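What follows is a single structure, and I will ask about it in a moment.
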Amino acid sequence: MKIGLYPGCSLEGSSREYAESLRAIAPHLGLELEEIEGWNCCGASSAHQLDHTLSLALPARILAQAEKQKFPELLVPCAACYNRLASTKKDLANDASTRDKVTDLINMPYTGVTSVQNILEVLNLVLTPDVQKKIPAAFPHKVVCYYGCLLVRPASVVHAEKMEDPMQMDDLMKRIGATPLDWGMKTECCGASLSITRTDIVGKLCGNILEDATMRGAEAIIVACPMCHSNLDMRRKEIERVTGKKFSIPIVYITQAIGMALGLDAKSLGLHRHFVEVSVHGKNKVQQNVSSPSMAAVS
Amino acid sequence: MENNFEPKIVAFVCNWCTYAGADLTGTSRIKYATNVRIIRFPCTGRIDYNLLLKAFAQGADGVIVSGCHPNDCHYTSGNFHARRRWIVFKQMMEYMGIDMRRVKFSWVSAAEGAKWADIVNTTVNEIRELGPSQEYLEMSRQGVA
Amino acid sequence: MSMQQRVIQHENLLKFLGEIISSGKQLYAPQKKAEKTYFLPASDVHSIVFDYIQTAESPKELLFPKTERMLSYEQVDGKLKMIDHAEGEIFPERVLFGSHPCDAVALKTLTDFFRHDVPDAFTQKRQDSLTVISVSCIKADDNCFCTSVGTSPGDTEGSDILLTPIGNAKYYVEVMTEKGQSLFAAHEKYFENSDIISKDKYLTKMSEVFSSSEVTARLSKAFDHPIWSDASLRCLGCGACAYVCPVCSCFDIQDEGTDKKGDRLRCWDSCGFSLFTLHTSGHNPRKNQSDRWRQRVMHKFSYMPERYELLGCVGCGRCSRACPADMNIKEQLKEITEKIEG
Amino acid sequence: MSRIGVFICHCGENISATVDCEKVAKTLASMPGVAHSVDYKYMCSDPGQSLIRSAIKEKKLTGVVVAACSPRMHEPTFRKACAEARLNPFLCEMANLREHCSWVHAKGDATTDKAIDLVSMLVEKVKRNKPLFPIKVPVTKTALVIGGGIAGIQAALDIANAGQKVVLVEREPSIGGHMSQLSETFPTLDCSQCILTPRMVEVAQNPNITLYTYAEVESLSGFIGNFTARIRKKAKSVDEKLCTGCGECATACPIKKIPSEFNTGLGMRGAIYVPFPQAVPNKPVIDRSRCTYFKSGKCKFCASKCPAQAIRFDQQDEIIEIPIGSVVVTTGFNIKETSFFPEYGYGKYKDVVTGLQFERLLSASGPTLGEVKRPSDGTVPKKIVFVACTGSRDPAKGIEYCSKICCMYTAKHAMLYKHKVHDGDAYVFYMDIRAAGKGYDEFFRRAIEEDHVNYIRGRISRIYERNGKLIVRGADTLLGAQQVEIEADMVVLATAAVANDGAESLAQKLHVSYDAHHFFAEAHPKLRPVETNTAGIFLAGACQSPKDIPETVSQASAAASKVIGLFSNAELTREPIIAVVNRTAPPLFSTCVGCFMCQSACPYHAIEQEEIKTREGKLIKMVAKVNPGLCQGCGTCVAFCRSKSIDLQGYSNEQVYAEVMELLS
Amino acid sequence: MQALHQKAKELLESGKVQVIIGYGDGSGDRVRPVFISKAESASDLIWDDRCRQNLAVYLNKPEIKKLGVPAIVATPVVVKTIIQLISENQLKSSNIVVLVVDNDVVSELTDNASLEAYSAGHPVVFPPFVVKEIKDIAEMSIQQRNKYWQDELSRCFKCYACRAACPLCYCERCLTDNNQPQWVCVASHAQGNFEWHINRAMHLAGRCVECGSCTIACPVGIPIGLLTIEASRIVKQEFGQEPGLHCDADSAMSSFKVEDTETFIK
Amino acid sequence: MSSSNIYKPYLMQIEKVIDEAPGVKTFRLRFTNDADKEQFNFTTGQFGEYSVFGEGESTFCIASSPTRKDYIECTFRQAGRVTSALAQKEEGDVIGFRGPYGNIFPLEEWYGKNLLFIAGGIALPPLRSVIWNVLDLRDKFNDVTILYGARSVADLVYKQELDEWGKRSDVKLVTTVDPGGETPDWKGKVGFVPSVLDWMEPSSENTIAIVCGPPVMIKFTFPELLKLGFTPDTIFTTLENRMKCGVGKCGRCNVGKVYVCKDGPVFTYKQLQELPAEY
C-alpha cells in the first residue's frame, strides 16, 4: 500500500523517534510512504487563535498539495496535525463559500478527494493477519493505551466509534501479543496545551495518568500523539514535584511497540531518544530481510 | 439586484405537519421574514402543480411546497404521491427550461418550528439573490397581438 | 389599374425587399423553420424562400392574429378604466411578400367578411396597413385546387402587387392597387420596363377537379345526406384544418387577468371542436363529429356564398396537408358533386 | 352576491402588538363582497362570538372570515358560533394572524400587509365555500387497547366496565408493563405488585375484554368508528387452553441462562418461560430464538414433561382481523441502557445499573429477593451513588426533555436502600429536584432529613473502576464547583425515559403523528391531551411523554372516557371534507372517464366504481364514486384527476385557485 | 398483405367483428385510417412502412364504437397503447380483436397475456432523428432549453391536433376546456402554450407509449412528442415503470414506493 | 358606440339586485356615462353581452321593456364561469354591457291581435320584456294571456310581477309547476306546460303565440299549438344558441345561413322549420 505522508513539525523535531519508528516498520507492513512535497505548518498550535481563515488555509494547502500529487489517502501520524486536517476537510466540505475563499487564498484547486488518515486507521489496515502470523505474541507486555484527546475528539470530525472508550489502539496491541489493560485514563487530558505555560497543571494531570497506569500493573503506556508522548515522557520531574511520587513506566509510541514486536533494533526505532528508559522489549529478533527501512520515505 | 426587492413567496403546505409546524414557530416566537403567505391544504397530495404555475404567472417570486416527512403523512401516503409528482414535475419544468430554484420543496413536521423559520428565511434570501421572477411572467406578455 | 408593364430581376427583387426592411416596414416573407415554410418577419432577405408550394400556416395572422388583445382594463382608484386597443394601438405598416394568389384571395375574403355589416376595426386596420406582394404559382401539388374554387395560379385578386416568375430569374410585375402603386413608386428603380407579357404560359397548369358552384348547388339539398357521417369517421375533431385555413375565422373571446387588471382577448376557435357550440345545459346542437364536419363544409361552400357571396375556400390545400387523418377536402368536395344529386 | 363578514381579533395584544388590526379591518371593508369588517379584542370570548352571531343575522352574511389564531386552535369555536347564527359552519374560515403572522414578525407595515393578504385570500376562498353537511357513519363498539401496562389495563377496565368491548394487545407474554417490575411506589411506598396484580387479574376475568398477549398490531386501516385491526398473535408454542400453568416445562427446560427481560438481565430464564410469577396469563411461551428444538430440531424436554400435553412446536403465528371503533395507544416507554453513556463506561461496569435494574434489586420478587446486592460479586454495597438526570435534559445527548419520574424514584431508591442497608451511604447527584405533586416534595425531603441521603448538586463527569471500586468523579456546584470523587460500590443511573422500541413504526401503522423523540403526539398539549390528530385514536401514559403512575392512570381513564363517549352514539358525525366526483348534464353525466387512477391513489379505498345506465338499464359509462364514509379528505385523488372531475369539498379547485389569484393580484 | 385481407374477410364474415380498423389508400402517397365493415372491402386494407398513425385513437371514438366489435390492425406501438388503455379501464381485450402482422403472418391477439407477450417482444425504437433531438436537448443548458421551447411553442396555435391524435388523451372534458377554474389559459400566447404543453406532458407521464402521433399531427411541426417522451423517461428512470407492458399495471403517477428517492426535498 | 371597437362594452352600474329564484338573479343596470344612455336604444327581443372583467362575457336577453327608458334589466341563472362571477356582483358594482344585438319581436304587426305568451323556467325574461312592452301599450292589443311554468314554486322567477299580472283584469295569467314541485299553499296549476296548454285550450283565432322555454318544452309545445290551430307563422320563439361576439363574426351561433345573433334570436316556427335543426 502506497500512501502520502504528512509528517508535520513534531516528527521532524521533538518526536523524531515517532517518525523513525514509523519509517522503520513501514516496509515490514508493506507500507510505502511518500512524503508530501513542500509541506507547510498545519497551524495546530496557534493559527486558530489568530485567524479562522488562515487556520483553514494552512491545512487546505496541505490537502490541495496531496490532491495534486494524487494521493487517495494521506497519513498524518501526529494527532494534532491529523485533527487540524480532518477538521478543515469537514469544514470545507460543508461550506462552499468558505471553500471558495480558501482556495482563492491558497491559489490551488481543492476538491476534497484525498482522505485524511490517522496512524491508528492506517495501522489497522496494514497490520493484517498475515503480518500477525509472522510475529506471534511478539510483544508480550501488559500495557495501557493512552489516546488523549486529539485522536478521538470531536466525534463529528474523527468518527471515533466510542469516544470515551476508544478501542482501536487496544485492538492493535492485542494483535502484536500485548495485553491491553482496562483503565480509567484512556482519554483524560495530559495538559498538552499548557505544557509550556503551566507545567504544574501538566504535572498533576500526567501524574494521574501515570499513577493509574502504574497501579494497574501496566509495563508501558502506548501513545500515538507527539504531545502526549512528550508530556508523559519529558515531564517526570515536574510530575514528581507535584505528586510527590516517582514513576518509571516508559511511554512508547505505537509504532515503536510494533517495531519491537517486529524485532527491529532499538536504535532504528529511536528508543534511545526517550527520557524514561524503555524497559519493554520485543520477544523475537526478526530476520532483517527488508532493505534499509527508512529509505522508502526519503523523497 | 436592487436592495429593496422584497420577494413575494407563496407557501403551499399541508394542514397536519407543516401548517402545524408553522404554528409551532409562532408559539415558539421564532421570527422569520414576512414575505411568505401560507395557503393551507389538507395534504401535499392535494397540491396541484398547476397552482405553482399559476402562482408564477401571477407574479410570485418563489414558492415553497411543504408537508409531512415520508411515513408521517396523516393520510398515510399523500406525501409519497406528492413526492412522485414533484420528482416528475421538477424535471419536466427543467426540461422545458424553467429554473426551479424558485421552488423549494421541503418536509417540515409539526415538531419542526425552527426548521420552518429556517426554510422561510433561506428561501427569502435565496430568492432575493435570484431577483424578481421574470422568466415566467414574460411568457404571459409574449405572443399576444 | 392600368399600368406600364414591368419586370424585375431576382437580385433587384431582393434589393427591393431589403429596402422595404430598411424603410422600417415589417416584411413578412416565407422562410424555413425545421422542415416547413412559414411567413415570418424577415430581417435578412437571403433567408427568404422562393421555392415552395405552400406555407404551413396561412398569412391570415396578419389580419386576424391567433391571440389579439382587444381591450385592457384596470382598476384605478376604485374605478374601472378601459384601454381600447382598436383605438390606441398603432397598427404597424407591413408588407407581405410571397403569398400565392390563393392566399391573397383569402385575405380579401377575410377582409370582406370582417367588414360585412358591422365592421371589425382590428382586421380593417391591419388590412389598411398591409401591402401584399404575391407571387404566382409555377408549381403546385396534389392538394392544390384553386381553379376548382374560382381562383387561379395567377389570380391578381387581393394582391397589391403580383409577381409572376417568367424564367431567367425574372418576374413579371403587375401592380394592382394604390397601395401596390405607392410601394412600387417608392422603389421604382429596381423595376424594368417591359413589353406586355402573357403570364399564363409560365403558370402551373391546374385542371378543375370540380365546380364550386356545383358544390354549392348540391349542398343546398345535402344536409341529411349519409356522406357526412361516412366521410367524417376518421376525422379526429382537432382544429388543425381550421387553424391553417386562410379563410376560417371563427373565434372565441376570453378574459385573462383578475378583477383588478387584465385583458380581453380574441382567440382562434374552430367549429370542429365539440365544445364550440356546447350549451351549459349539456345540450349541443352539433353533437356528432359528422355534424361538425358538415358545418365546416357547408359554411364554406353553402352558407358563406349565400350570405356574403363569398366562397369560404381558396383551394390552397393546407387543410389537406395538415390533417392528421388525411381528410382530403378536394377529394371530399369532388365526391359531393359525384354522390349528391343536383 | 357574497356578503362576507370579516372579524379581526386582537387576541389581547398577541396580534395587535405587531399587526395594525384596525387597518386590516378597514382595508378588508373595502374589498368586493365584504359586507362587514370589524376588529375586536378577543374574538373567541363570548362577547366576541356574539359579535359574529349578531353580524351574521343583521348583515345577512353569507360567509365569515375570522382572523385570529391558528384554525387548529379555534376553528371549531367559530364554526360553532356561525352555526348558532344559522350560517352553515363550513362557510366560516380562519385566517391565522397569530401563529403565522404576529408572533413571527416584528411590528411594521410588512406585518400588517401580510395580515391583510392572509385575510383577503380567505375572503376569496370563503366566497366559494359551499354549505356542507356532516356525514354520519356507524360506530363499531369495540375498542382496541395497544399495550398492557398500567395505562392499558386501566383504560381497558374502564371501557369494559362501561359495558363496551375491548381488545387488549400486549407484545410481551404477560400484561403488567413496567409497573410490574417496580418494587415500591412513591410517595406512599406501597408495593407496586400488590396494587397492580389484582387489576391484572381483573383484566383476565372481565368478559368484555379479549386479551391477546405475545401479540402485536400488524396494521390498522379504516377510520374512526370503522377501523379494521390486523393483529399478529405470535406463536407461543403452547396451547393456552390446555396449559394449566403448572410450570413443569420451565423446570424441564435445559436452557437456563437467558437474561430475563423482566429482571432487566439481572436474573435468568429458560427458553420456555413465564416472565414472572404473577404473570397474566400465567402461561409459558417458548422463545423460539433460544429454544434448542427450534435451533437444532432436538430436545422437546418440555413437551415430554408437560402433563397437559400443551406444547405445540408447530404452532404458527396467527393473524386476526377485528373490526374496531376506536383505539387507545398505551405502549409506554423504555429507559436508556447504561451503554448509552460513554462517560460512565458504556455499560462496561456491572455495578453501574439503571434505575429499573435497581428496582428489581429492591423488589422482593426480584433476583436477589429484595436484598440489595452488587451484580458483580453479590456483596452488599456499602456506598451507592445515585445519578439523576442521566441523559435527560442534556441536549448533547439528544434528550432535551426532563424524564419527570427520576427525581422521585431516585429519592425512593436512596430511601429504600437506606432502609435495607442501615450502615450504607447513599449519595444523590442531581441538577434540580423536581418534586411537584401531592406529597412528593415531602417525600424527597424525608429522604434527606430522615434517611440521611447525601444530596450533592452537581454532575458526574466520569465513572471508572479502580481496585474493585467505582470511582465517581464529579463536581459539587454548591461548594463552588469543587471536584468530588467518591469511591462507590455501586452506581445507579437514573437514565432517561425514552420512547418504546418500535414506537415510530407503530405510529406509522396507526397514522398518528409523533415528536422528534418518537413519543406520540397529542392533538393539543393542553386542550386535547389524550387525543391524537387521527380521529378515534387516543393516547394514555408514557407513550406520549414520560410520566408517573398517577398521571398515567388518570390519562388512561381520560382516554377511556373519550372512547366511551364515542361509543355512546350509534352513529358518528364526521366532517364533510370529502372528495366528490362531479355530475354534469347528460349526455356526459360526469366528466369522469373512469380511468380509476384515483382508485389506486386513494389510501382509504374510498373510491368505488359506479355504473351510469340509461333508463332501460344499458350501461352508458363507468365513473368513479367516492364513499363518503371512507373518504378522509386528503385530496390526493383531486390532484391526480386529469380531467378535474373529482374535487374536494372545503378545498375545492375553485377555492384554492381563488386563494392563489387573490394573494398575488 | 394477402394474409391480412384473408383474415379480415374471415373475421367479418364470421361476424366475430363488425368493423376492421386499419390502414387504406390515402391521398397522394399517404395512407389513411379506414373502417371496413364489409367482407368484400377487406382488400382495401394496406400494410406497409407508411402505416404509422396510432389507430388506437379510434377505439374509443363514439362514432366508431357504434359500428360494433372492432378488429384493429396494430403496429407494435398500437399494441402497447391497447395494453395501456386496458390498464386504464378504457378497453377490455375481450371486446376487441387485435391483428398484428409479422412477415405477412397475421396473428390475433385476443387476451391480455398475448398482448403483453407481443408488447414485450416489440420494444419501441426511435428513428435516428428523434434520438438526435433527444440528445441535443439533453445537452442544452437550461437557458438554451428555455429558448428552444419558447421558440418551438411560439408556433403553437392550439388546434389540439396533438390531443386529438393521441390515443391516451381520451378525457371527455380536457383540463384545458375547464374554465372553472381556468387552469390553462385559452389563448395561445407563450404562457397559454406553456401551460398546455406541460400539462399534456404531466398527464402523459408514465403513460405515453411514444408512438409519435402527436408530433406527426402537429401542423406547425413542433416536436411535441419529445415532451411526453421525456416525461415517460423521467418516470422510467425514477420509478422504473414503463407503460404499455402490463394490462393490470398501476399507473406510475398514481402509485408510489416508499423507497422513491429524490435529493431536492429538504 | 363612439369607438370603432365593436367589442368595447358600455360600463354599467348595478343599481339593484333582485334574487328571483335559487341561483337566478335580476340586475337593473344604469349607464355610468350619460352620453351612452342618451344614444342607447333597443327594441324588445334584443339581447346583449354582459361581462365581468377578468372572467369574460355572457349572453342574455334584455329583460326589461324598451318603454322603460332609464335602465335595462337582465335576468340570469348562475351556471358557468361568467354567470357565477356576475352573481358575485352587488349593487354599485360596474359590469360591462355590449348591445343591443339581434332582431326584434314585430310588435307593430301584432297590434289588434290576441297574444298568448308561453314560458318555461328561466326563459321568462325575454318574454317579460315583451309583456311589459305590451302592457305599457295595452290598448293596442286584444286579449293578453300568459302561461308560465317552472319546475317548482321556488324556481318561478319574477314572483312579484307574476302577482301583479295576476291581479290585473286585462291579463289572463296561468302559472304552473311540474308535478312534485308544488308547495302546500300553491294556488296555481300542477303539470307540464304543454299539458296545461292543452287544458287551457286557448283560441288560435287572430292570436300570436310567443313561446320561450327549454328545448324539451318547446318540442312538445309547438305540436300542441298546431293542434290548437296556430299556424307556424303565428308562433314566435327565441333561440338560445351559444354566442360570443353578438355581431355575426365569431361563428358560434351559425345555423344554416342564419346567424342567430344577427337574424335572431326571434324566429317564427315557420322560419325554424326552414333551418337545419342545429339549435
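Order of writing sets the labels: A, B, C, D, E and F. Residues in every chain begin at 1.
The rule is simple: a residue touches a chain if its C-beta (ideal position, glycine included) is under 8 Å from a C-beta of that chain, and two chains touch if they have at least 3 such contacts.
Being a predicted model, the structure only gives us computed values, none of them experimental.
Taken together, chain C and chain E share the touching chains B, D, F.
Placing every chain at the mean of its C-alpha atoms, the farthest one from chain D is found to be C. Of the two chain pairs examined here, D-F and A-D, it is A-D that is joined by more C-beta pairs in contact. For chain F, the chain with the farthest CA centroid is A.
With centres taken as mean CA coordinates, the chain nearest to the overall protein centre is B.
Rounded to a whole number, the gap between the C-alpha centres of chain C and chain D is 72 angstrom. With each centre defined as the average position of its C-alpha atoms, the distance from chain E to chain F rounds to 47 Å. Between the Cα centres of chain B and chain E there is a gap of 34 Å. Separating the CA-averaged centres of chain A and chain E is a span of 68 Å.
The residues of chain A never reach two or more other chains; the list is empty. Shared interface positions of chain F, i.e. residues touching 2 or more other chains, are given as 80. In chain E, the residues that touch at least two other chains are 180, 183, 185, 187-189, 192, 253-255. Pairwise chain contacts present here: A-D, B-C, B-D, B-E, C-D, C-E, C-F, D-E, D-F, E-F [touch as defined]. Only residues 33-36, 38, 56-57, 66-67, 141-143, 229, 232-234, 236-240, 242-244, 252, 254, 256, 265, 267-268, 270, 273, 275, 288-290, 320-322, 324-326, 328, 330-331 of chain C touch chain E when the two sit together in their complex.
Per the touch definition, chain D reaches chain B in the complex via residues 70-72, 96, 98-100, 103-106, 108, 110-111, 113-114, 117-118, 121, 508, 511, 513-516, 521, 533-534, 577, 601, 603-604, 632-636, 638-640, 648, 650-651, 653, 656-657, 659-661, 663-665.
Chain C makes touch with chain D in their complex at residues 78, 258-261, 281-283, 287. Against chain F, in their complex, chain E makes its touches with residues 179-180, 182.
Chain contact summary for the complex, chain D toward chain A: residues 342-343, 345-346, 348, 462, 464-467, 471.
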